[in-house]
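There are two complexes below, and they share chain A, which is joined by chain B in the first and by chain C in the second.
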Partner chain A sequence: MKHSFDPNEVRSAYWLSAPALILMLALLLLPTLAVLVLSFTDAELGVPQVNFRGLAAYADLLNDRTFLGAVKNTALYVLLVVPASVVLGLGLAMLIEADDLFKPFFRSIYFLPVVSLLVAMASVWQYLMHPSIGPINMLLNKFGLSSVNWLGSSDNVMGALALIGIWQTVGFNMVLFLAGLTSINRDLYAAAEMDGARSAWSRFCVVTWPMLGPTTLFVLTISVINAVKVFETVATLTQGGPGKASDVLLWVIYEEGFVHLQIGAASAMAMVFIAVLLVLVLIQTRVLEKRVHYT
Partner chain B sequence: MQGENSQFDAASATPALHLQAIEKSFGDNRILTGIDLQVRAGEFIALVGPSGCGKSTLLRIAAGLERPDSGRVLLNGKDLTAARAADRDMAMVFQSYALYPHLSARQNMALPLVMRRLSALERLPWVGRFIGETRAKLAAIRQEIEQSAHTLKITPLLDRKPAQMSGGQRQRVALGRALVRHPKAFLMDEPLSNLDASLRVHMRTEIAELHHRAGVVTVYVTHDQEEALSIADRVAVMMGGRILQLDTPQAIYRDPQHIDVACFIGSPRINIIPVEVSSNRRAYWGEVELARGCEFPDEGAFRLAIRPEALKLHSDPQPGAFAVHLHRVEFLGVEALCHLVLPGSDVALVTRQSPEIATQLKKQMDMSHVLYASALDTDWLAFNENGQRVALHLPTQVTPIALSRLHDEAFI
Partner chain C sequence: MMASSYFLRGLRIVLLLLGAAFVLAPFVFMVSTSLKPQAEVFSSTLQLVPQQWFAVSNYTKALTRIPMGQVLLNGIYVCLAIVVFQVLFALPCAYALAKLRFRGREFVFGLVLLGLLIPIHAISIPLYAAARSTGLLNTLSVLIVPFLLSVFAIFLFRQFIKSIPDDLIAAARCDGLSELAIVWRIVLPNAWPAASAFAVFSVVAHWNDLYWPLIAISKTELATPPLGLLFFRAAESGDDYGALMAAAVVITLPLVMFFLFAQRMFIEGMTMSGLKG
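On to the complex of A and B.
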């Protein structure tokens, strides 16, 4: 379709969208561009001399054990947190949806971790997971199980962080799924029942799961992005340790840029980080979106 | 209470679908009280009533989607009260169509057959088709869908998803999904109310034809009295959780047993005049005697009702006619509605007239608003204070010749 626009209207359109455009440019696009430019240099905070290094910083990353370890740890974290928090979120949402009486109560309870300050809650988790005085280990001991060194052992630390991550994400996912569930046309369940869907499982397959498609895609996207961005728990509880066992992308970038002051190298890592996020989001929206919207 | 008892010979056969002594409340809210509905084999029953009268709840109880507090649901003599909806062998069509939006029309229609004929194992994606006779079963289902699609003329739509179809097309697919199963009963919950007016009229003819061909018991819920009258073998008028009357469309219209039925059925609404019956068993509205040839069974307060088309207008006083004031004339194309009031009151009446007469009346309105209305004694209906119909006695037998003469003397 071709439109011919009144030049006056075009001008006012630009005027009206200018504040938003300028803010987006200044706060999102320009900083990203600056990071991209910095990633081609050896910029160091406090050192006035800046040399152009091209793609050298990126080449360095390929051999950087710390960075590669962080990528591996972050991927592990995402793989642990996302499926568990999506499945648990959906399960909780369906349980809560099925009960009218306690719906508001459970909805608030499970949403609490989302609204609480994670940095503050981290100290609670530190206490809970304390190897000797932590209630979790005391509980394990009571059932005759041996204590687990949650945050202090390099084998367990990512699992323990993932547990906290799941705790934090489930409530948010649950609320999103609840919204999705309430928007399902009740007649569809009646129709499925008439059509011979006897078991709860077959009704789930025929109605709930397909109808939640768009919600699930959204939940998945948000969960992945949030999991890739894991930082607070690492910064407050483990600082990447023990050793480098809980180094994650954002933590490594933070250390490189703000502790070692290597702005150039940190920028290159940030670009990789952004690229990973972009690819994930693109895959999810482009590939999956076609399968979950039925128009 | 119900006119159906006289027509239904209880000894002849068990009803195909019998809703027996159904009671249902939601909390303190009483939805259905003492419902007894017997649907004969192959019959098309319309449940009609204002919103909130319990008609949809009754249908959902028949379907098994809702449990009655007490009472039984019998299909061909079999007690299904405890049976699940999936096991009742009934199909339902919903107002919202309730098609699965992620499935094509073909898959939507296949679903009830797949769910019934294939085991959970055979329904598994990818692997299911290699188990047992899955392939043969799927081929049979495919063929049955083609047949039903042909009947409903939706073959070209089979590969489309609901979002790619118009409302009418979706409703056809929903009908198809009910039809493929060859159920023992069709239950339809306002299937046409989401369609526009002209399509609605068209689709109701098609539904009637489908029913005629399939000959399967159908219970059809609607709030549209015209739709109910036009489509059903018998109409059950529901109000306040009860069936006020179950009868043929003609009987429901001409012979309503309750004033609420009389008021709900027919458009424009039936005219109601509150009257006082004196000791001589004649009805008076103030000083004016109405329905002169009719003798009431009792004295006291009654309500006289007359259909708009039964009320004749005259320009001059006539024996048996009463004075009315012409208030407004409304043209509807093929006919015109004349809105009247009884002099010095707010009792409004309406009559149907031919457009020619209406034109003339309108001209005359400038000179005088006063007209004279009359009706045949046989057309008056009387209801007592509880709304129950009372029989009127006609002592002076009116001969057919006299009847036709009265009609000739109508206005002009």
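On to the complex of A and C.
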């Protein structure tokens, strides 16, 4: 095996992967290196003078109220969106899979938000959540409940954005769970029933849940990674407001780099962002390794 | 068991319909509001059918306040260019990683895994600086170039190509096909499910992307749909929800139509990309 490479094969391999490798270097690796270097400086866009600051930009982040607020809001968004969209996605997948009646019909309807332009649908939600003319508040008033200031109050804004996020991602989680459900061997259910799992609930506990465990962990990490990247709804509807109540990670990185032009500080934030993703992906690969044991 | 089965089947439909109503409500209100005059939008009733039809006025505004046709064409052009280049560059590399033995293969695959980690958001600052110094800002090319390579495509294709039998490739080699010919004439047809899955994933992602266009484009006539809608919102003065909803309908329609015509391809594509990614 060792050092028994066929020279022709090696040459072909290098030629075939060279274009991709050059692009990877130019579009991915060098820019990442540049972000790392910039994060050690006080670079400002359009200002030629650059000073080396070492880790000072990272130390600043620990006292940066805007950044810490964004970390907190992003974490809150993840905590609101992920459990709801995973549980609802699983519930819908099981309901849809339980019977053949209208199966493709419902699957398509629930998937519709995934293929709809998020910026456009965010605009629709803004109208639905309008404090005075919005249909949601009108509906609340009809049932004798008082109006809620959804996007305009700093107490509610993350919840309102999370509601839009849940609406948008449930369908995606549902199709991932559907794929997991259809791969479960039907015989397992019959076997479980013979072994005394009479109720649907006990069959869920004995068969579905353990067999779906790897899929669930996987959907969970994918959902967290996507939720951490929340940007479109914030940029369209709140731009971090009211006050700084809906500042999220990507929004403050965008503002620091492209509005305040502080690319040194923005690069430090971007490195923290990459570090967060690194941790999540490490968890995800652990999950992938676990998946192998079941298949 | 059988007696309760009808009840359970009915319950399933009721629950699914309730959920569907929640999911579809924004679409219903979007279309309904796009047909109404402003006075009716502000009259605070939950009436869905307009008393006075204002569709022509609203949709005319939607199509003319920004160059909407141009924006949609930009989106289609950018998404198609991106996906074609991504497959073009990723497939040969994925084939080499999956089927050829060469020194440094593990290293290259390691780079691919590393690349999977880094989203455009994190490296937008140096990309912006590079685009500015090369004069690419405010061109359609700047929307394509950063995405020429998808490491995710390499990863997905590599997984898939591994399952193509070695004998098939050996036979093609015996027939005198070059390695490059093998990639396009043997591997691509066999990896078609992976390629179409990736195409769906890539188009949905880039059709929706706002972050990079927001940074690199400041001219309305070069905007992609998400950025175009932001320009549309900025161009309207008051709360003209009728026109805004009409614009939302026009801009959402292309991908939704595409989805409705190719549902299986979409759902399988997103599932496959989701589970492998």
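Definition applied: the second predicted complex is superposed on the first by the 283 of 295 C-alpha atoms of A that agree within 3 Å, B and C clash if a C-alpha of one lies under 4 Å from a C-alpha of the other, contacts with A are read in each partner's own complex, and residues count from 1 in each chain.
Keep this in mind: a residue touches a chain if its C-beta (ideal position, glycine included) is under 8 Å from a C-beta of that chain, and two chains touch if they have at least 3 such contacts.
This structure is a prediction, so every number in the text was calculated from the model and none was measured.
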item: Fit or clash between chain C and chain B when superposed on chain A; value: fit
item: Apex chain A: angle to the C-alpha centres of chain B and chain C, given in degrees as a multiple of 10; value: 80
item: First, second, both or neither for A:98, with chain B first and chain C second; value: second
item: First, second, both or neither for A:87, with chain B first and chain C second; value: neither
item: Which superposed partner A:118 touches (first chain B, second chain C, both, neither); value: second
item: First (chain B), second (chain C), both or neither touched by A:59; value: neither
item: Touched partner set for A:195, first chain B, second chain C, both or neither; value: first
item: Of chain B and chain C, the chain that contacts the larger number of chain A residues; value: C
item: Chain B versus chain C as contact partner of A:283, first or second or both or neither; value: neither
item: Chain B versus chain C as contact partner of A:21, first or second or both or neither; value: second
item: Contacts of A:47 with chain B and chain C, given as first, second, both or neither; value: neither
item: Contacts of A:258 with chain B and chain C, given as first, second, both or neither; value: second
item: Minimum C-alpha spacing, chains overlaid - chain B and chain C, in Å; value: 8
item: Parts of chain A lying in touch with chain C, wherever the complex brings them together; value: 5-6, 9-10, 12-17, 19-21, 23-24, 27-32, 34-35, 38, 45, 92, 95-96, 98-99, 101-102, 104, 106-121, 123-125, 127-128, 130, 132-133, 135, 138-139, 142, 167, 170-172, 175-176, 178-179, 215, 218, 222, 229, 231-232, 235-236, 250, 253-254, 257-258, 263, 266-267, 270-271, 273-274, 277-278, 281
item: Chain C residues within the chain A interface of the complex; value: 8-9, 12-13, 15-16, 19-20, 22-27, 29-30, 33, 41-42, 44-46, 89-90, 92-93, 95-97, 100-103, 105, 108, 111-112, 114-119, 121-130, 145-146, 148-149, 151, 154, 179-180, 183, 204, 207-208, 210-211, 214-215, 225-226, 229-230, 233, 239, 241, 244-245, 247-248, 251-252, 255-256, 258-260, 263, 266-267, 270-271, 274-275, 277
item: Chain B-facing residues of chain A, complex; value: 185, 187-188, 190-191, 193-198, 202, 206-207, 210-211, 213, 294-295
item: Residues of chain B that touch chain A when the two form their complex; value: 60, 63-65, 84-87, 90-92, 94-96, 98-102, 111-112, 115-116, 120, 161-164, 177
